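Chain nomenclature is as follows: A, B and C, assigned in order of appearance, with residue numbering initiated at 1 for each chain independently.
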Amino acid sequence: MSSLGTAGTKRSARHLLKANAWFVFAFLYVPIVVLVVFSFNGSERVNVWQGLSARWYGEALGNTQVISALRVSLIVAVSSTIVSTVLGTAVALALDRYRFKGRRALDGTVYLPIVIPDITMAVMLLVFFAEAFKLIHTFGPRLTLGVTTVALSHIAFNISFVAVVVRARLDQFDRTLEEAARDLYATPWRTFRRVTLPLIAPGIAAGALLALTLSLDDVVISAFTAGPGATTLPVYVFSTIRQGVTPELNAISTLMLAASITLVVASLALQRPRSTTP
Amino acid sequence: MPPLRRAKPAAAQPTEAEPDAPASPTPTGPEAPASLTPAEVTAQRRRRRTGTLMATPGALYLLIFFVVPLGLITVYSFATRTSTGRTSLSGWNLNSYERIADDVIGGIIARSAWLAFLTTVLCLVAAYPFAYYLATRPPRLRARLLVLVMIPFWTNGLVRIFAIRFLLGSNGPASALSEAMGFGTFRILFTPTAVVLGMVYGFLTFMVLPLYVALERMDWRLVEAARDLYASGAKAFWRVTVPLTRSGIVAGCVLVFVPSFGSYVVPEILGGAKTLLIGSYVARQFQAARNWPLGAALSVLIIVAMLVAVAINQRNSANAERTQGVTR
Amino acid sequence: MSSAPPPDAGSSVPAVEMHGISKRFSDVVAVDGVDLQIGDGEFFALLGPSGCGKTTTLRMIAGLDIPSEGRLAIFGEEVASWPPDRRPVNTVFQAYALFPHMTVAQNIAFGLQMRGIRGPDADRQVAEATALVQLEGMEHRRPSQLSGGQQQRVALARALVNHPKVLLLDEPLGALDLKLRQEMQVELKALQREVGITFVFVTHDQEEALAMSDRVGVMSEGRLLQVGTPAEVYEHPASRFVADFIGRTNLLEGTTESPSAVRLDVGAVVTAANELDAGSPAALSVRPEQVRLHRRGEAPEGDPCLDGVITDATYLGHAFVYTVAVGRTVGAGGTSSGDRAATITARSETGSAALAAGEPVSVSWSPAATTVVAD
């Protein structure tokens, strides 16, 4: 059944399709592989191969700027993931199964942070924080951009991603399972705890992993909403690249790559379709 | 109640049977009928309250940190820039919007749109046959190949663009290879070509996935029917396959065009002075140039472009759902 | 509406009692003014085509839908506004709705746990229920590892372990193949006798309803059209819909002349076993197996008789099914002189002489075997 699509295709066309597929895979992977290989280059100069060495990993991990940026990144990623997972899951549940005032408006708005280009979201939040701080200052406290504003901004886009992922899971959810639980003397709350939650848990976990990944990836929004001392790792990498490519950057990038691939694989394993109905 | 007694062993032994009858859709929508019993009213009110309770924290968050900023940036776009570079929320005017038409900014917008268009076309040309190939593999292989597509989709975008920068750098591996082969160093970096290449690299998977979904859902028997009705392979492709996967094509184009048009990281890393794009230009207005009203107006422009693209996509997918209903 | 009293009703309170129950979903009326009493210990089938409101009726008894109108009592207690978890009823869902993340034993124990029954007492009851449906040894499997028939048994055990006062079954056999379905019909009936619980069974399969239940309620378009024993509904359908829906029948159009006599459009005045108001359009229902076939002119005197021509003969192994054209088209050769044509389906055991298409015949039947039904 699956090969029917090419059954009627000419031999030459089939070869072209295959060649194109290999070309695309090569295009996607060659730059990454080259980067990883060269990150183990011992040489000072990026283009001269001087034998395998983990030297630049040592340098990178000994760089206090890198370590403090990593710390900021982790704090922001973990806190924004926790908050956005809770809020996003609640939004997904509400949109999926309840009717309430403003449902339509919420349904339309929740997708926008996903499609809006980063730079627009970044300057919107910058203007917002500037105005909010002005307003708060009239009451006394003087606030500035920092780790908190970065985390608050990450939550703003992560809620949407979590909501979309969880909602996709809820779409496949068989509502009669909840009715069965109610019929078997479970209160609404216990139905949720014992039946709904365990069954949508993989979706929530996938949403949380996505939020974590996106938070660790973000450059633009972090760059605009971070004050001094709140530099995240991607922002550090971004500003360093503009001054030129260094072997140390290769090593940091490879580490970030490894972290995000780990998260993707975990997320894919979670989302592997498992039958929810017997 | 009598206790359950053990049943006599019956002749029937459980045999293998697949439960294939799906539950019939039972009407459960809590819409308001003409008249309601008090019980119905209570149940409805309780559901409404639960829904509101669950949606409120997230909705409030989006209101404060997304909708309000969206409104603020719109307000800013009509504000005045003082001589010191501060923004004065008074003297509302359209000056920032008028500047969109001037040569420099108009040129930047046109260049951004053009490069985003090029990126979209290149992605479509590479991704359609690629997705076609994926969708027509046997299920097991398909699942594995899909994982290979998903990995770059979710891996750190900055790092991937950095990889391109490293590869293409004047002292990078590509250049070294070309020199070793006697072609001399090549200079792509900091040209529009490098920017388009980087955006294709960054956003290609955004095109592949919706196309793959559309092709995978397609009923291949329709292509066979077309072949049976004397269509050549190419004709069947253009007259049946392409129209039936239109929703995927449009979705993919929107998903590539919008971020390309507003891209900031790619041109900053791979572009040069001659490839100033609207994303970078906006950023500058909020940084060194300190012209927030102009930056705000250009942001509004990007948002409007995005909303148009999203609307096109939504209308298209609604249409697609209707046609799918007929063909299935 | 002919409504036989529930058997064993005696002085005891009915298990389920509905008065003027209606359910509307926005502008659709799913159930329209249903009055129904189901007796304690009865096996009651709600029968009707899909979309007739039978499932909604069941869901209202379960508490999964709230009636828009009317009163609903279970063993004398008004429950219309009670949530499902407070009602002493349990449901076997159409696709079973087994919890995929729990084992068979956990599924069965769920209801007990929710009512706070735990420990050895719960274990004993789960074991009993497992044995009752013959699933010993499967306790630790997941629903996805079971066959359709086994899943069905888990769904039954999961409901019965709670000793519900009423067990509701929503097309419980619909997902099974024919052979297994027939075996389960026998088993379910035996099980019901065994546990003595009132069963309310929803099905669209009239044979299943007739074979299993003590009484049948036939529904169409939200209305309960007739309630009675399988024999009553089959032999004396109260309406054209019921006659047509339950079993196969010949409906001969006509007008009532006197309460029990009908002038058929195909040209004969016949009497039936029941009575209707005179002068209204009606139809005569004659079951195919009640139609007797004779060579033209050899029909016995006394019984209603029509002349016709065989247009089709189908061999079914144990029987022949003949289609006989009667009325205007055969008027020239026969005695029928009505101004309309009709076909009558007749069924006869194999063994009697086979008749071929084109043969002129007469059909007759005994008036006691027919019913006049209004539109």
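Keep in mind that, in the parts below, a contact is a pair of C-beta atoms (placed from the backbone, for glycine too) under 8 Å apart; a residue touches a chain by one contact, two chains touch by 3 or more.
Please read these numbers as outputs of a predicted model, since none were measured by experiment.
Chains joined by the most contact pairs: A-B. When every chain is represented by the mean of its C-alpha atoms, the one lying closest to the mean of all protein C-alpha atoms is B. Centroids of chain A and chain C (each the mean of its C-alpha atoms) stand 56 Å apart. Look at where the CA atoms of chain B average out and do the same for chain C: the two points lie 53 Å apart.
Distance from the chain A centre to the chain B centre is 14 Å, each centre being the mean of its Cα atoms. Shown for chain C are the residues that touch two or more other chains, namely 93-97, 151. Chain contacts: chain B has residues 19, 23, 26, 28, 31 touching two or more partner chains. Looking at chain A, residues 174, 176, 278 sit in touch with two or more other chains. Those residues of chain B that touch chain C in the complex are listed here as 1-12, 14-24, 26-29, 31-40, 42-43. Chain contact summary for the complex, chain B toward chain A: residues 19, 23, 26, 28, 30-31, 47-48, 50-52, 54-55, 57-59, 61-62, 65-70, 72-73, 76, 126-127, 129-130, 132-139, 142, 147-160, 162-167, 169, 171-173, 175-176, 201, 204-205, 208, 215, 218, 220-221, 223-224, 227, 233, 236, 254-255, 258-259, 261-265, 268-269, 279, 282-283, 286, 292, 295-296, 299, 302-303, 306, 309-310. Contact residues on chain C toward chain B in their complex (touch as defined above): 24-28, 30, 50, 55-56, 59, 65-69, 80-81, 93-97, 125, 128-129, 131-134, 147-151, 153, 160-161, 163, 165, 171, 174-177, 179-180, 183-184, 186-187, 190-191, 194-197. Residues 62-64, 83-85, 89-91, 93-101, 110-111, 114-115, 142-144, 146, 151, 158-159, 162 of chain C are the ones touching chain A in the complex. Residues 174, 176-177, 179-188, 190, 194-195, 198-199, 275-278 of chain A are the ones that touch chain C when the two sit in their complex.
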